[in-house]
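Dumping the structure here so I can ask a few things about it.
As written, the chains take the letters A, B, C, D, E and F, and residue 1 is the first residue of each chain.
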Amino acid sequence: MTEFLLAAAVFVLGTVALGLVRILRGPTNADRMLAAQLLGTGGVAALLLLGVATGTSALAEVGLLLALLAAFASVAFVSGATSGGHTTSGGQAARGGEEPGRDAG
Amino acid sequence: MLRSALGRWALLFGFWLLLAGPWDGASWREALPDLAVGLLAGSLATWVSLRLLPPTPERIRYGALLRLASQFLGKSIVAGFDIARRAFDPRLPLRPGYLDYPVRIPPSPDRAAFGALTSLTPGTLAVGSDEKDHLVYHCLDLDQPNAASLASDEALLLRIRFADSAQ
Amino acid sequence: MSMAPAVDAGLALLILGLGLWIIAARSNFAAVVGFMTYGLMLALVWVRLTAVDVAMTEAALGAGLTGVLLLGAAARLPAEAPGGGPGAGLRVLVAVLCVGVAAALAGVVLSLPEPAPSLAPLVAENLPPTGVKNPVTGVLLAHRAIDTLLETVVLIPALIGVWALAADRAWGARPGALTPRPSSSSLTLLAQVLPPFGILVGVHLVWAGADEPGGKFQGAAVLAAMWVLVVMAGLADLPKVTNRLMRYTLVLGPLVFVAIGLAGIWTAGAFLALPAGYAKPLIVLIEVVLTLSVALMLGLLLAGPPKERA
Amino acid sequence: MSLALDLFTIMSVALGALFFLAGTVGLLRFPDTLTRLHALTKADNLGLGLIVLGLLPQVGSVVAGLGLIAVWLLALLAGATVGQLLAGAVPPSESRQSHREGSRP
Amino acid sequence: MSGTTLFGLCGAALVGLGLYGLICHPGVLRKILAFNLIGSGVFLLFGVIAKRGGGALAAAGAGVDGDPVPQALVITGLVVAFAATAIAVALLLRLVELGGRDTLEDEAPRRAPPPPGRRS
Amino acid sequence: MSPAWLADVLALGGDLLVVPLMLPVGGLLLGLVLGGRHLARVALALMVLGLAAALAVAAAVLQAGAPLHYELGGWSAPLGVGLKADGLSAVLLLISALVVLAVGIYAQRPFGVAPGTAETRSSLAFWMLLLGVWAGLNTVALGQDLFTLFVALELLTFSAVPLVALDGRAETLTAALRYLLFALLGSVLYLLGAVLFYGTFGTLDIALLATAIRGADPLPPALLAAASLMTVGLLAKTALFPLHLWLPPAHAGAPPAASAVLSALVVKGSFFLIVRIWFDLMPMLLTTTAAQILGALGVAAILYGGLLALRQARLKLLVAYSTLAQLGYLFLVFPLAAASEAAGSVDVLTGGMLQLVSHALAKAGMFLAAGLIAASLGQDQISALGGIARAMPITVLAFGLGGLALVGLEPSGAYLAKSLLDGPAAAGGQWWWGLAMSVGGLLTAAYLIRVFYHALAGFQLPPSLKRRPARYQELIALALALGALLLGLLPTELLGLVEIGRTGVELGGLR
């Protein structure tokens, strides 16, 4: 069973790695942030799998911490994006403009 | 006021018990300090909760709440499958667009909760509120009966608190 | 075939890839988001290294609070990193140097003595007198108490340094880096619902930290995050920098620590020594008061220098 | 009994991992920020839920299991609100316009 | 090679990587990030040393398998690194607010800045 | 001879070391709560107490003739953290207390809070940060554990960097930011070295590590890596020649009281640790080329700093570049100690510490004087100093005496230091180090003469002063400079303080 759980953790980590492409490519900062959020959930899942597989104590606490702080980080992003950064929002609008061309039909 | 304070305290204390797990300990005496700290921490958390989110005078119908919870659990599972289906489909069947939903819940934490919950249901994502009485939704597939689904969810939510306005 | 090496290899690859991205990314923001993810993955590595206490600290401080701090900075700076820097030739030279350093370190890692020298047996032997069961807490608050004390003291000049960046006339105003976002109902909801649970998690980490993984720094980081969340949602104001109560709270923890330490000269024969039999309650007391002070300091460090509101 | 539980774990965890893959694929394939946000709020939370469900029989005590569920609930709460928050941070004018164009049949 | 050694090598590589970024990156924010990268590489090395030195406590039933001294020091180090980052970020933001640039290059750039368009 | 209470104090032994460690820390904690008008007074009172404590520690060390040891928390070394006060520590404690007290008196005016006003930004920040610097220095002086010393270094950095940026102009912010990045790189490299030491020997205690290193055969490769990483890191913090870029703008841009502390003390903190590492931790490595490299860098710093000081148009920048050059002298200690026999190596170290003290006093005085001149004139262009010697004779005298002490004229500490260093240089056949010192002295004289040429010119026509400096401020600067100039008159028994706790025999034995 341990091996299976570890394999599942590897698999989830693999999807996380795949998701990194979205952080690399953007194109908008919101995309990057949501990718990070997604990876956060994946990280929590991998953590729980690893923890149960190796019998680590207090893994739920670490998971709780990660979940709490991932939410907190997104809030910080939204606050920063809408209040402080004149340059950021401008950049976003300009770069987001690349998107419609690839829209689905 | 007192009722909802007690309710929250019970909920938060329950969460503490989850975290601390005092009944895992060897003996009753060892668990005692844990419980005492839990009572204190729970009270502190309740106080903060009451400060941040003052309770409203209406009473909560727990039956409706339970039904709502179970329904959203089911819907969020369906939502997951829905995403998976669309993501794996080579044709990428999406018809995204916006939906202005005339919301009946007055602006309040309840409405925010409605937005959050409906973001977990298949195909809809609350984006913001355009005017006073509209919530803007982003939909994955405009061909789905999104508005109807939202309306039924809303009715369910309204029943928790406003018994009269439910159909 | 065992899966454990695959997990380690995957994590190592992820970490290295993210590190590369943090250095190579063009936009500041992309680098910062990469850093937050990197912190998350590091927390997993710490779990693999069976250092759960560190994993918690990394998740809370390394990824969480540091990430938020940098995110705020990235939002206020031009999106693209400025051009320039050393010329190509110099870059190659630096790269060679850095590869050399890394290679030398790698060589050192491979040549570390076997069996590894360790203080673990000594800690195990000397843990009972402290009364705590978590050896990391024992080391932090008994065996190496001076480091912990100095390190909370270090936060005070750091905070003063941040405050000192205010304009002269803004002195006495509230910290200004966390501007509340106007009227977002979902943010408000999150800031109304999450903090009570966060408080319980924080208190639990501190309380359980004596015997299980956890402790004041982790707990304080969670409490600070919840406080800042409430502030960002506009549900509470930060205290003014001249606020008395805040200042008392800031120094309460270290002051109690120093007082107990000094009392130790008479009661237990040395500065920072804990009298036999009272060690555990004193450690818990120190942890609790330090948590308050450290949480406040971490939150204020995030909140930046005081600023006049328009 | 133990075999059945193990089987349950394997099924549930595997399914959960699959949802993580779905979320990542959605993150990469979906055409714009808002549709990707759907993937964030829905697929990964289900994946985490299933993995938690699958791990329940493997942890020693009831409390540890309840702790895992708490992690999931917290992630669910965070996911729901953060999805909305990030959606609010996407510049409305530009993205909405792109959609109106994009959603023309 | 054991996973622990692997993480040790990883830490060494991170130090090198961060060092390069700290020296070569013109942007201050990126220098701060690079500093954090070096820091985490150092902590990782310390963690590897802690893991190698473990074992005795696990036998004693303390539930932690590793040398707790480096672990405690890493926790201390993480807090100090956070404080350092906070000071650096505050300085940088104040500098930009006062009209300075987000780089420490001398005012006359040695090379012409790259054109604002794309360079991929 | 000594009164009973003094005997009592000395009998405290190791407990005595807690006082200098906790006095500034207590100041930091109380100061934040007090704030406002009281802070300046309370800080000053603490500084007086701190000087007394430093004197007591020095007296105790002298009386015992051996280092004082202390085990914090009652835990002994590999697990716990120890304190030690040997001669070197006592000297650093004393000079820190002295300069901090002088600066504390001087700063009562610029950083006091007028009656009736609430707390101001700069006053709170200045006093707190000054206390922070002092706390860091005292910990550096007493710490015996590599990680505790790391925290002390960070305490020093976090306090010193904001001091640079205290006046809040974009220019000084840039200087502070550059300083911070150098300092952080330095700390993290130092920490990396400490980590490698722990991984190899399983302890962070300096004495235990020294024993382990002495017993190691062959030397493990990690040792070399750790030593070089730590040294490079500390060099970046000390601003030795190729890593000096941050220093001149930072020291010149800070308020005078802050510059004085930065130049006189803060850079010495990291130098002190280099000495600790090389002389206490691994003296056998001193005989390698590493010591020669350090010396060569020192010579480069002497020449480079001196030449750039000559070219500066602003007085404070000139003083800052002069610091660069003077730091170079300190590093000659390493090759000279390596070249000399056991007894000579102790002489060399005494010379080095004397140079450290002399420079600290002289440079603090000069920065304070330069600050008074700049404040009075509204600017500090050297070419516009005409007649200043007539308008502010005491200040210019202080600057001049400080300069003479730097050049190394007869009774000065620098003179004595150079004569202590010259002997081993000649004896070891390494005359070039002595030559470098002489050239450095000439350069120092040259840039000082340039200042005096302008300051004494236009004697008939005193410039209009924007504001007069307070007399006591001028006297403080003068006292510091005089101290540096008369340091050479110290009785030899006091010079012997540095030797306490030295084990010169080992060095010789390993050669």
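As a working rule, contacts are C-beta pairs under 8 Å (C-beta built on N, C-alpha and C of every residue); 3 or more make two chains touch, one makes a residue touch a chain.
Since we're looking at a predicted model, the values are computed, not measured.
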Chains partitioned by contact, chain C not counted: A, B, D | E, F
Centroid-based (C-alpha) most distant chain relative to chain E: B
Remotest chain, chain F as reference, centres from CA atoms: B
Which of E-F and C-D has more C-beta contact pairs: E-F
Chain centroid nearest the full-protein CA centroid: C
Centroid distance [mean C-alpha coordinates] between chain F and chain A, Å: 48
For chain B paired with chain D, centre-to-centre distance based on mean C-alpha positions, whole Å: 16
Distance from chain D to chain A - Cα centre to Cα centre, in angstrom: 11
Separation of mean Cα positions, chain C and chain A [Å, integer]: 21
Contacts with two or more other chains, residues of chain F listed in rising order: 79, 147, 151, 154, 158, 161-162, 165, 168, 173, 192, 196, 198-199, 202
In chain B, residues with contacts to at least two other chains: 15, 19, 92, 94-96, 112, 115-116, 126, 128
Interface hub residues of chain E, defined as touching at least two other chains: 15, 32, 45, 49, 52-53, 63, 69, 73, 76, 80, 83-84, 87, 91-92, 94
Residue numbers on chain F that touch chain C, as the complex places them: 15, 18, 22, 25-26, 28-30, 32-33, 35, 70-75, 78-81, 118-122, 124-125, 128-129, 132, 135, 139, 145, 147-148, 151-152, 154-155, 158-159, 161-162, 165-166, 168, 173, 192, 196, 198-203, 220-222, 225
Sites on chain D touched by chain B in the complex: 18-19, 22-23, 25-26, 29-32, 34-35, 37-39, 41-43, 45-47, 61, 63-64, 66-67, 70, 76-77, 79-81, 83-84, 87-88, 90, 92, 96, 99-100, 102-103, 105
Contact footprint of chain D on chain B as seen in their complex: 15, 18-19, 21, 23-24, 76-77, 79-84, 86-88, 92, 94-98, 112, 115-117, 119-120, 122-123, 125-128, 138, 140, 142
Contact set on chain C toward chain D in their complex: 184, 186-187, 189-190, 193-194, 197
Chain A-touching residues of chain C, taken from the complex the two chains share: 2-4, 6-7, 10-11, 13-14, 17-18, 21, 25, 27, 29-30, 33-34, 36-37, 40-41, 43-44, 47-48, 50, 52, 55-56, 59-60, 63-65, 67-68, 71-72, 74-80, 178-181, 184, 187, 190-191, 194, 197-198, 201, 204-205, 208, 212-214, 218, 222, 225-226, 228-229, 232-233
